[in-house]
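Below are two complexes that have chain A in common, paired first with chain B and then with chain C.
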Partner chain A sequence: MLRSPAIRSFRMAAWLGWQIESNWTDPFLFAIYSIIKPLAAAGILVIMYRVVTQQAFDTPVFAYLYLGNAFYQYVSAVTTGVSWAVIDDREHYRTLKYIYVAPLNIPLYLFGRGVARFLTTTFAVLIIILFGVGYLKMPLALNTIQWPLLIVSLVLGTLMLGLVGLILAGITLLTARHSYYIGDAVAGALFLFTGAIFPLDVLPSYLRPVGYALPITYWLELMRRALVGRVAQAFPTFSTLSDGQLLALLAVMTLALGIISLVVFRWCERLARERGLIDYTSNY
Partner chain B sequence: MAVNTEPNLNHLAIQTEALSRIYKIRGAKKGELRERVALEEVNLSVPRGELFGLLGPNGAGKTTLIKILTTLLSPTRGRAWVAGFDVVRESEKVRPRINMVSGGETSGYGLLTVRENLWMFAQFYGIPSRQAHQRIQTLLEMIGLADRANTKSSDLSTGLRQKMNIVRGFMTDPEVLFLDEPTLGLDVQAAREVRAFIRRWMDENPNRTILLTTHYMQEAEELCDRVAIIHEGRILACDTPTHLKQATQHEAIFQLWVDPEQALNPLALENLPGVLRLHHQWMNGGLQIEISLAEEGVLPLVIGELERQRAHLRSLQKRQPSLEDVFVQLVGLRMEEVEREHSNGYHPDPQE
Partner chain C sequence: MSTVMATTPIHKNSGWRLFLQTVIGRAYPRVIGQQREKSWMIFEVLLPLINVAAYVYVYRAIGAPEDYVGFVVIGGAMIAFWMNVLWSMSSQLYWEKEQGNLALYIISPAPLMAILLGMAVGGMIATLLRASAIIALGTWLFNVRYVVMNPWQLLAVFVLTMVALYGLGMMTASVFLLFSREAWHYVNLAMEPVYLLSGFYFPLKNLGFWIALGASIIPLSLGLDAMRQLAFRSGPSLGFLSVPLEIGVLAVLSVVFLVAARWLLKTLERLAREEARLTENRR
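Let's look at the complex of A and B:
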């Protein structure tokens, strides 16, 4: 046998996920869709910002919300990418039982299935940032980007989002087809609490703890800091924390989330086995 | 001193001990939970190298048993071992040694070609890529699908997709292979090819084991070294097809074709002393009667009764007992009658 089950689970699932993600139409249409979709999403925010604030795009506030919004796309994409594989394989392709019978590491298989969404979202985020810098003159310079912080934060953040996706995948195992939307629903519900488009201080004091308890909040802050440094740090919420402290907080929260998500996923798997849900097709 | 309670499993591919599975099903009323027994105290031992058949109507518990043995479903009670490992406690050790194919479904990634689908599953099992391609090619040729290897599986007919899935199950060369109704939905020719393929695969290596479920009597008779007859979650009999049929050998089974002048009263025939069972159906303009008698000497009584009812005998044939007769003897109904009852009545688990 070649490779450990962990490596082959992740590698082949990533290959499969990419085939599914990229082969639904011809490459030209796929490329057009991949460019237009993120630009349209960013365009809505840009117009709202302009109408509501009447301010220019080269202000710190715009950079704060524009980057927060751009990176927030990962939340929906990665969590859905990981959890949706359960529905896709069980209800659509009817292969989940064969995946479960195979000697695979299921959490890593699901992470692998999320890779394609991560890659297409990375492309979308790049387009959005290039549009922001090139056309809207957002204050971001290549020579001030903290590349090591950016890479470490992106890797850690992606892992953290994958772990959230794993919890949702466990819940999806126990529910019917409408949980297709579970990733989007969770991303939508948390949008206002993570400081994506405004600092947590804007929230009423009784809602702020929700934001502080979410690792996504720290991750978004780190991504902004890696790209626009002091501009981001000037905002009040985390101004007293250094980059290192934020990174440490994110790492600790990701570790805790890792333990929680594995426990939850295994528990859901056990319930799914007890209830006969692994190959259940709801035919919704 | 600790006592080892594990059974000696060295020569067994599959063993179950009082294996039971009860489904809890939501009733029509809110909060109502009902129980349905899918498997009840199933004890099976399948030695390595055997092609073992589970024969029973839809809803008998065959798929439930396979799901438990392939680690997809937890048993409610009892234990099971596959390839020497407990399917619940040691499922990680069971999975590399098994594979499974379910008939009558169109599973597979439609946007991948047949070859890509198979290659990907071979990678899941850690088979080196070159070896996987060789095995895939060999098996596709054996099953007659080589010319469609580069076709997207969504473009295949149901039968061809089923063949692709059969290759997926066999290509990992599992110690124990589970085939759940492998010829379900296939046309006669394709089913024959699949049966020949299964037999050839078994003949190649005496250590391979297959557990095959079917509700086709002929398939069980043709393929299986031993057959267990399962009905309503219980194993009613388990032996070689020959021995099972010998158990009904003391009965005399006749097929009669008659032309009745008036409506036949089958009850009068059934009530004759020595008539054990009777089944009749209209066929090719005449009435076909299949009748099981305690002994051949009862036959003149039957013919006399037919004459009395003005049903003219066209032909008469004595036939050897089949697995169908064994099933009828054990259950009291033909398999198709059980399935008809099942489809008309309450059956809450659509997948079983």
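Let's look at the complex of A and C:
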């Protein structure tokens, strides 16, 4: 089975991605590096909340924004992990043309390159949640977590984010290197619309449809429900939808995204080959 | 014609004229070149604005006083300067090294300090345009109300903050001469933690006295705090230190960072030459 080009592409890319992400320093410093950014982002929200509410951390709204922000770390990490591999290999290491001539499955290779960031982000998200429970007394107990829902949602969500990353990777094949990660840019742009750190009802009514059209919105809601079901009941946005309905919506959207991402990636790839962009170096 | 050209003496600047010419020459692509790249306007105006909007809606969701919306808008605009210092000042010499330009800078007669100053001046002007756009759009979208009693003091705070901030950028740029591929990670690490420590989205004093004091080494911390005190009705009651004291500290930081930048640049350039790191390209 390991001889399968698909599995080999994914496995070797995951190993390569891990080496690139982690071997610039010693493991201890890398661990600190991996958690300090997400922790600081969480810290900003904690202080903003504390300033206004006088430390009422046991309320549903705090759990809503804290968990939403924690899981949103995956959005930037996975989409960037998958899409930035194009820039990294094409312009930094200048190996993309060799990868294209090797017997590899390119989409699975790119997914594999996103694994390292997924793992480091999982570590950071765990630390953030433990900090929330242990220090901020966020109402979350192990015996009330809906484990099957959490695992299924996490797997489906990661796949969905990887597919978004694949679309961005396709676009990246056609564009020059820019000072920002395209994945970070997209994650930053969607931060407002997905209800990650505030309920969608707070948004002006003309902006809410954008949030409803994004699978990330449903994924974040499912992750919150799996961890603290009571939070979901406190906000009206999705109160009419059951967990199963939300999961079905996410599954359908992921399937649609899967088809779209493969079509977009293959189209961009063909254009990149035609225009000679596979070994392009923009030197931005 | 060619004979005339060959015999026409070429005017060569030296001393302070060469220094000034280098500053202008290096500032030019920052100001003009960046305006030509339209996609950067999306990255540097629209994305920060969306981020600002997200934090504004957090404050609205938890029922914060309206002045906090203004705090977020100002903080979001000042992030543009921090990003510019991080990515286009601190790590710039590292990028130049990666692309092979650093050696050309060093073998040219242009002083390296003038190149750094040109990057700082150009970056500051270009970023000022973007930050102004963020403030204008944020103020309009979220109906922010300012109460400015002392505009001259506000201007002084802003100018001193910029001098100290870009002085810090020049100083760290020298340090980055010694870095290799870890440089990118260090720059990346200095984003969210600094947003937190400098109080970009909340009043600095909420960090507690000692943490806020430590964070004051980053000029934006005190600069933002003073600007908020001078621009909002509730600002003075939420300030960390008094405005005159913050102006004094910013002035000291400006001098210290600029002097340190000059010293570090000399020292680290020598060290980088000795250790053969100026042309190193470790991928």
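Just a few scattered comments:
Going forward, the second predicted complex is superposed on the first by the 275 of 284 C-alpha atoms of A that agree within 3 Å, B and C clash if a C-alpha of one lies under 4 Å from a C-alpha of the other, contacts with A are read in each partner's own complex, and residues count from 1 in each chain.
Definition applied: contacts are C-beta pairs under 8 Å (C-beta built on N, C-alpha and C of every residue); 3 or more make two chains touch, one makes a residue touch a chain.
Please read all numbers here as calculations on a predicted model, not as lab measurements.
Once the complexes are laid over each other on chain A, chain B and chain C both fit without any clash.
In the superposition on chain A, A:Trp24 contacts both chain B and chain C. Shared-chain residue A:Tyr93: touches chain B and chain C both. Remark: in the superposition on chain A the angle formed at chain A by the CA centres of chain B and chain C amounts to 80 degrees, rounded in steps of 10.
Contact with chain B, but none with chain C, is seen for A:Ile278 once the two complexes are overlaid on the shared chain. In the superposition on chain A, contact of A:Pro103 is made with chain B only, not with chain C.
Looking at the shared chain after the overlay, A:Pro5 reaches chain B, while chain C stays out of its contact range.
In the superposition on chain A, A:Ala185 makes contact with chain C only, not with chain B. Once the two complexes are overlaid on the shared chain, A:Pro139 sits clear of chain B and of chain C alike. In the superposed pair of complexes, A:Leu16 makes contact with chain B only, with no contact to chain C. Of the two partner chains, chain C is the only one that A:Val51 touches; chain B does not reach it. Put simply, chain B and chain C get as close as 5 Å, counting only Cα atoms, in the superposed view. Touching of chain A by both chain B and chain C, each in its own complex, is seen for residues 24, 93.
By the touch rule above, chain B contacts chain A in their complex via residues 23-24, 67, 70-74, 92, 95-96, 98-100, 102, 105-112, 116, 120-121, 123-128, 168, 349, 351.
In the complex of the two chains, the chain A residues touching chain B come out as 1-3, 5, 8-9, 11-12, 15-16, 19-20, 23-24, 93-95, 97-104, 270, 273-276, 278-281.
Per the touch definition, chain C reaches chain A in the complex via residues 39-40, 43, 46-47, 50-51, 53-55, 57-65, 68, 87, 99, 181-182, 185, 188-189, 191-193, 195-196, 200-203, 206-207, 283. Of all the residues in chain A, the ones that touch chain C in their complex are 24-25, 33, 36-38, 40-41, 43-45, 47-53, 61, 65, 92-93, 178-180, 185, 188-189, 191-192, 196-199, 202-203, 283.
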